[in-house]
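Here come two complexes built around chain A, the first alongside chain B, the second alongside chain C.
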Partner chain A sequence: MNLRTLFPNYAVVAAAVSIASLPIQARAAEASETLRAAVDEVLALAYDAKATTPLSVRVRPVVEKQFNLEIITRRAIGPGWKQFTAEQKTAAIQLFTDVVIRTYANRFEPGDRPVINYGKPVIPDAAKPALRELPSTITAAGKTFAVVYRVEQAGDSWRIYDVIIEGVSMIANWRSQLDPIFQKGGANAVIEALQKNLAQQPLK
Partner chain B sequence: MKSVFRFLVLSSCLYGASVSITRAQKTPAEPEAAVIDDMDDYATIKVSDPLEPMNRVVFKFNDGLYDYVLRPVSKGYTTVVPTPVRSGIRNFFENIRFPVRFVNSALQGKFARAGLETEKFFVNSVAGLGGFIRISDEVPRLAAIPREDTGQTLGVWRIGSGPYLVLPILGPGTVRDTAGVVGDYFLTPINWNLRENLEWYTWQVHTGVQVVNGVNTLPDLLETYDAPRKDAFDPYIAVRSAYIQYREAAVKK
Partner chain C sequence: MKQQSKLELIVGMFMIVGIAAVVYLALRIGAGTLVGGDTYELQARFSNTGGLNPGSNVVISGVPVGRVEAITLNTTDFSSVVRLRLRKDLKLPTDSIASIKTSGLIGDKFLALSPGADDEVLAPGALITNTESTVDLESLISRFAFGDVKDKPAAAATPSAETPPATPATSTAPVTQ
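After this line comes the complex of A and B, so read on.
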């Protein structure tokens, strides 16, 4: 077998792969475009000089729409989630929604609007075609950070379920704190910890 | 203090700017099985922390030190020195740390990266007025070179991170990274003994350079340190998790 005989085979395989991956590529582009639109929406809210209401109030609808808060809560709590009752799950999601909104709103600093550059979407695991990682860099105050958004497709929407900043996963960070609390005191201890944390540092 | 920890700094803007995606409003009553069953994707990173009781004491001590000593110094400095000047000084000292990045890129076998670091150093030193302007950001291939250090080199050489360690003043680290800091120290030109060769480089000048670098770095470091700590359920674990994740990711880059 020589290169000339191999070439047509490669061409056929390449064409087949390209055709087969078209829907996946299209969906990846779709996820990326949706992310860009959402980030723009958030930045517009955060840097709206005329706004009079607190940022946490303004961003709540956006966060509730764009983040998959149930997934975030269950993953932040970890395996212990399976032992939560339905009522405890509902309470935990409500409380954690406030935690996410507070985290989100508190992070914006006054100053120039950050510059965001987006990379190509990545499918982290071929066995999970509904997941995407969307790399980006954010430059603010002369410093640049690598940020990866993890999004998943649910129905016809894409929703964020984790943000990784310079290699640090928000969910992994939350879980490292909440899992020991669950191990020590169960679901009620986790809910109490969420309530206590929100009482100490309420939404502004 | 460890520059490794600068990352979360504006996790701020990011987590903020990070938001959203969507088209449909509806939240599924139960998320899709393919998504929710992969809890192991987020299995908590195992951290060796046999010194946790002692580390927590030092962590608390550092908190007090940062709050009552370093933070006022940092605040005073940022009030007096305008942002562009601070950025210029930061760029200068970052540029001058070129040997740390170059040597460690090479020691990890990343010769192309070492070459890019060299190019970046010359571009910033010449066109960036001695490194005060990070002109290399205008060149795409030089804009986002992962920064290498000795701790990462040890990690690439498959040396385990060792126990988590919180040191007074220096803050979070591991045994491996603490050894790495020593390596970085000797590779950083501002720590070199230049007095024998440069008459004007007296001990006063040497000390002044160290102080300017330290104080100029302070606001960034405190901002970085505060990011995972702020709003945390357990600040000690939040900082530990952020540190370990950050370093593991840096070694893999």
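After this line comes the complex of A and C, so read on.
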């Protein structure tokens, strides 16, 4: 059984990612507190019954503010990133951001508002005090999922650089798909694959 | 007489070389120690290492590059810390990901490293925090197949104080040898 293909079939998990993968914002405040605020912001956008614009459009500003998209894209592509030109890097970041937001936003199905419980923040490595892992559980449609946010402090703000759902890392998941594409066709193949993926996902 | 002692000497030397070869192979294949090559150690922090054992393979792109030396429990945050020994010529970027994988559905667990894109590399003894733990397949299947009986919590809980950082060298207790 391929777990990486199992997950996308479940809208609840997609919704969890959509919610969870949305950002943290913080100014000198604790990462966990700002995570809660960010999740609340995303939930408000997702469950706004009066909204007419697609969810992916509504959440994009929040994602851009709270996620470290350059780091996420770089890590998702893997070692091949070093061979991208500056223009290719810019294009890849834009495309990858669009693909990730649209992938999860399009799978979001409004139902009962999920209940989120936050666990104790963890400093995973004493040598890197700017890193935190923020564990949580999301309960939706009678199912509970473990979600861990990995965040990094940059200046006085915290930004998400990975989300782990039931032990599966978002970055590792994308890297396992994008790295083989790079190995076959280089940077242009990665950009073309992202463009193709985006074209197959209309705004909803 | 002289020729006989010469023959005995040759046989003796042959036996010594044979025993040395057997010992070398036993260490190399069985004990999980890479004899004869320069190696260095890294650590990786997981929330669950179920099924991984000392001696398990460490691979990159399917190619064995080292072994798991020990698995210990961090008694502070109850995470699992894995010590790996890798070939010294491997320079892994700091954003490399360590994932626990299974050979097939019910095969042995091994540790897969996915190199990242950072310019900095992991120094000997460094801790990899970008990890994917063992996925509890049975639990996942049963939850998707039969649903979840847990009641919804009444309200979101408040996060409490931060868990202190992992300090594997001082606060871990071995659970496996």
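List of remarks:
Heads up, the rule we're going with is that the second predicted complex is superposed on the first by the 171 of 204 C-alpha atoms of A that agree within 3 Å, B and C clash if a C-alpha of one lies under 4 Å from a C-alpha of the other, contacts with A are read in each partner's own complex, and residues count from 1 in each chain.
Just so we're on the same page, contacts are C-beta pairs under 8 Å (C-beta built on N, C-alpha and C of every residue); 3 or more make two chains touch, one makes a residue touch a chain.
Just so we're clear, the structure is a prediction, and the values are computed from it rather than from any experiment.
Superposition of the two structures on chain A shows chain C clashing with chain B. Contacts of A:Val151 after superposition: chain B is touched, whereas chain C is not reached. When the two structures are aligned on the shared chain, A:Gly119 is found in touch with chain C, with no touch to chain B. Look at A:Ala38: by the touch rule set out above, it reaches chain B but stays clear of chain C.
Of the two partners chain B and chain C, more chain A residues are in touch with B. Touch criterion met: A:Lys128 reaches chain B and chain C at once. Of the two partner chains placed around the shared chain by superposition, chain B and chain C are both touched by A:Pro79. In the three-chain superposition model, chain A touches both chain B and chain C at residues 71, 74-75, 78-79, 81, 116, 128, 131, 142-144, 166-169, 171-172, 175-176, 179. The touching residues of chain A, when paired with chain C in their complex, are 1, 3, 6, 10, 30, 32-33, 36, 71, 74-75, 77-82, 115-129, 131-134, 139, 142-144, 148, 150, 162, 164, 166-169, 171-172, 175-176, 179.
Chain A makes touch with chain B in their complex at residues 31, 34-35, 38-39, 41-43, 46, 59, 62-63, 65-71, 74-75, 78-79, 81, 99, 102-109, 114, 116, 128, 130-131, 137-138, 140-147, 149, 151-152, 154-161, 163, 165-181, 193-194, 197, 201.
Residues 6-28, 31-32, 34-36, 38-39, 42, 44-45, 83, 87, 90-91, 134, 137, 143-144, 220, 228, 230-234, 237-238, 240-242, 245-246, 248-250 of chain B are the ones that touch chain A when the two sit in their complex. Across the interface of their complex, chain A is touched by residues 45, 47-48, 77, 79, 93, 95, 97, 99, 105, 114-117, 126-127, 129-137, 140-141, 143-144, 147-148, 150, 152-153, 155-167 of chain C.
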